[in-house]
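Chain lettering (A, B and C) follows the sequence in which the chains are written, and residue indices restart at 1 in each chain.
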Amino acid sequence: MTDAPLPATAKAREKGRWERFRESDFFYAFKRSPVALVSFGVVSVLVLSAIFAPLIAPTNPFDPASLDLMNGFTPPMEPNAFTGSSFLMGTDDQGRDVFSTILYGMRISLFVGAAAVLFAMVLGIVMGLISGYFGGWADTVIMRVADVQLTFPSILVAMLIFGIAKGVTPIEYRDQMAIWVLILAIGLSDWVQFARVVRGATLVEKNKDYVAAARLIGRSPWAIMTRHILPNALSPVLVIATISLALAIIAEATLSFLGVGAPPTQPSLGTLIRIGQGFLFSGEWWILFFPACTLLALALSVNMLGDWLRDALNPRLR
Amino acid sequence: MTDPVLSIRDLCVEIPTRTGVVKPVDGVSYDIAKGEILGVVGESGAGKSMAGNAIIGLLNRPAHISGGEIWLNGHRIDTLKGDRVRRLRGKEIGMVFQDPLTSLNPLLSIGDQLAETMMTHLPISRAEAHNRAIAALKEVGIPGAAERIGSYPHEFSGGMRQRVVIALALCAEPSLVIADEPTTALDVSVQAQIISLLKQLCRERGTAIMLITHDMGVIAEAADRVAVMYAGRLAELGPVRDVLTQPQHPYTHGLMASTPLAAQKQRRLHQIPGAMPRLDQMPEGCAFHPRCPHAQEKCRHAPLPATATAGGRAACWFPLLAEAAQ
Amino acid sequence: MSAFVTVKGLTCVFDVSKPWLNRVLERRGKAFLTAVSDVDFQVEERTTYALVGESGSGKSTIGRMLVGLLRPSDGDVEIEGINLAREEDPAKVASVRAKIQMIFQDPYASLNPRWRVRDIITEPVLTQGGDLEGLAEKLLQQVGLHPSDAGKFPHEFSGGQRQRICIARALASQPRLIVCDEPTSALDVSVQAQVLNLMSDLKDELGLTYLLITHDLTVVRHMADRIGVLYLGRLVEEADPHSLFETPKHPYTQMLLDAAPRVDGFGREVPPPQGEIPDPINPPSGCTFHPRCPIATDICRRERPATRKVGNALVACHLAE
């Protein structure tokens, strides 16, 4: 960017991003919304504890050396009959601390969810911009592909992609690749709504006179799309990204629950729930209950945050 | 003089915001007599539409009437609640908005809309309402009214749509019509047709019309009296010829001088320095003083004088007198 | 005096057909809208040429073709003897393009809300390459704003101030021709006076040429050196302001002048004009104004009138004298 020297007074009055954010109506609305504050709080706690899982978790559930089979099936908050150890959320059949597996599982869930949404977002934005700005054939092709994809449930699309990817990867890499295939599968099943929203916003923005002014001075279509149109189309993208994150986390859990997702060596919340449901009827409820509650809390709070964002960023509702 | 159709006294509208309460309408008083066209003129943000909406009870929350009184045909209406406001709105006050498309239901034929409105407010049968709807369309100059009664709003051109809106506003035989920028969205030639229609209806039916506009030319040609608003307050109120040719408020004077004339070419337009203050940054004293060439110490601090100071029409401490304005 | 801009036979036709499938199902052909039809005019250097017309007259379309935002369907636009649509040498096209700028009607839509004023104003120079240092501050001062406004965002300004920012952006690349598309229609009267005065001052100071596009006759009278009146995409009359306002030759010009409200027209009662602007997809035959014209005769319904000189004006009317 240009950085022309300014008189000292002018420089002092210019506000930085952070300061502008703190004075914005958006931040004001955020501070006054209990829903936003609570869901933001829950999300932050969960995300932070996932990031710092190695520091918080009492044991590393994937280090065979730290496991003791004798600790298996310990109910929560009760001392184990053989070893006398006590666990906050009990242990599973292998004697793994459920609390620790949840923390590590959340890492996988959040990573897969966030990466899939990021992938879908980038793909959707590029497709939406091209489709909306150029129109014509590019628009027709992209939007028809999107329409076709929308006629399938996204979990089916994800399973299809997952299946194809599994077929083409050599067997020895399968476990390593599983996470990345999962991200690709969920991301590809989710780009359509980003593309649609960005296309819609682009169609509106490209007819505004500031875009005409930019075309007039000979800026390239690429510069107009990225520098002019995209920044003005980002609010709805942010809303969709948040709601998509909740959906992606659930999609990942569903795939893992169905056994086509994260491998048991890197269990996500979905894998944990799949493992846990096998013990539900034999009385070891905690192995299912706590991972399920965590998934619920995570998906619900992210979703509520997304809903609130949509209301707060929608100028028509204010 | 007979009792006025509409009389508002000291009307205030407030909107609470994050940074405090703003007053888009602040102590406005005027009357409209039967068969009179009162022009309400001002620049954007002057509060002219907000005052109109307050009268008809169409203020959007959180905006609300915070003071003053509104009297319609001798009844106080600002204190009415719920259902009675709605009845009154359709029966006694007709509304014509800037954009005719938004005031018509796109899914109903215009005949149905007219008949529906009439049957809600007048004790007549459906057949009679139908006949009256045709008569109403004829009256506002829609050619082939009987054939077009089943048409939908999108089948009409902009000017014809505005005529339909006027027919709709008048069909319950209201005593007051509030026309908020009725011609702003129309072309010059169609604007002249609509203005002429409003004048004719006012004359024939004795309906009082409140004509809200920013266009001094429209005011001059259509209005009997004019209320000039500035920053939510009444700057000047009086017979249109007097106010426009011999303005007493420095704002009215500046406004007239900055309007380019078609009749002759001026070397340079007069300009009022600055811009209207934002509602949340209203200056103390007279709201116009930062832009006023005649402002004195008193204007900066003393609260505004009552609308009409002795012998004048302007809400100003130092109104321009006839000889000074020359 | 040399003609700075020459427009010859300019025509713009839009394809407003429904999608292919709808056309087949409804058995309809393609539909075309002739927005501008065979328009000729010249703009002398350092003058203001005004195009006046109501909606659908094609005035904005002409402006957009002039600056290169739209391609003419037919006809030529020559600026300093260079035909923008036909010229092969990209360097020449770029040099001409750099001399043309535009000011838009809606000051709220013509500034990118996410950009700082400094970046908005200097964008034309950024693309063409040039010295950006202190440029925004200098230009802001030139249009009557404070240099420190460069760091603010558009939403911090009123409509009139935004229009000043648009003017500053237009001036950044040191243009010689500015196309002003309804520059004051969205502004209040007192602010309009400020912007018009600023435009006059800049024209004198910088030797600018304006193409002023507007529907407001009072603005035209105040600003223009020559006026073209458009009706349904055709130039119906062209004259200097004095002749046009004192002795209008075309019945449409006469109608416009009569219909415009006047600040001194207290209680004026004139019979309002007849009819409305016809559908431009199916314009009337012959002279497009004939269904509304009080003096139309048979020939008006049959033949499109040629442009001819009557007194000081060029008029496209069979009956004007």
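Throughout what follows, a contact is a pair of C-beta atoms (placed from the backbone, for glycine too) under 8 Å apart; a residue touches a chain by one contact, two chains touch by 3 or more.
Keep in mind it's a predicted model, so treat the numbers as computed, not measured.
Participant: Could you find the chain whose CA centre sits the greatest distance from that of chain C?
Facilitator: The most remote chain is A.
Participant: Please state which pair of chains has more C-beta contact pairs than any other pair.
Facilitator: Counting C-beta pairs in contact per chain pair, the top pair is B-C.
Participant: Based only on mean CA positions, could you tell me how far chain A sits from chain B in angstrom?
Facilitator: Roughly 53 Å, centre to centre.
Participant: Could you grab the centroid distance between chain A and chain C? Build each centroid from C-alpha atoms only and quote it in angstrom.
Facilitator: Here chain A and chain C have centroids separated by 50 Å.
Participant: Using CA atom averages as chain centres, what separation in Å is found between chain B and chain C?
Facilitator: 32
Participant: Please output the residue numbers of chain C that touch at least 2 other chains, ranges allowed.
Facilitator: In chain C, no residue touches two or more other chains.
Participant: Note which residues of chain A are touching chain C in the complex, please.
Facilitator: 1-2, 4-7, 9-11, 13-15, 208-210, 212-219, 228, 231-232
Participant: Going by the contact rule at the top, pick out the chain B residues touching chain C in the complex.
Facilitator: Spelled out, the residues of chain B in touch with chain C are 43-44, 157-160, 187-193, 195-196, 199, 214-218, 220-221, 240-241, 244-245, 254-256, 258-266, 268-272, 275-276.
Participant: Which part of chain C faces chain A closely enough to touch in the complex?
Facilitator: Per the stated touch rule, the residues are 64, 67-69, 94, 97, 100-102, 104-106, 109-114, 118-119, 122-124, 126-128, 132-137, 147-148, 150-151, 166, 169, 173.
Participant: Chain B touches which residues of chain C in the complex?
Facilitator: Touching chain B: residues 54-55, 158-161, 188-194, 196-197, 200, 215, 217-219, 221-222, 241, 245, 255-270, 272-273, 276-277 of chain C.
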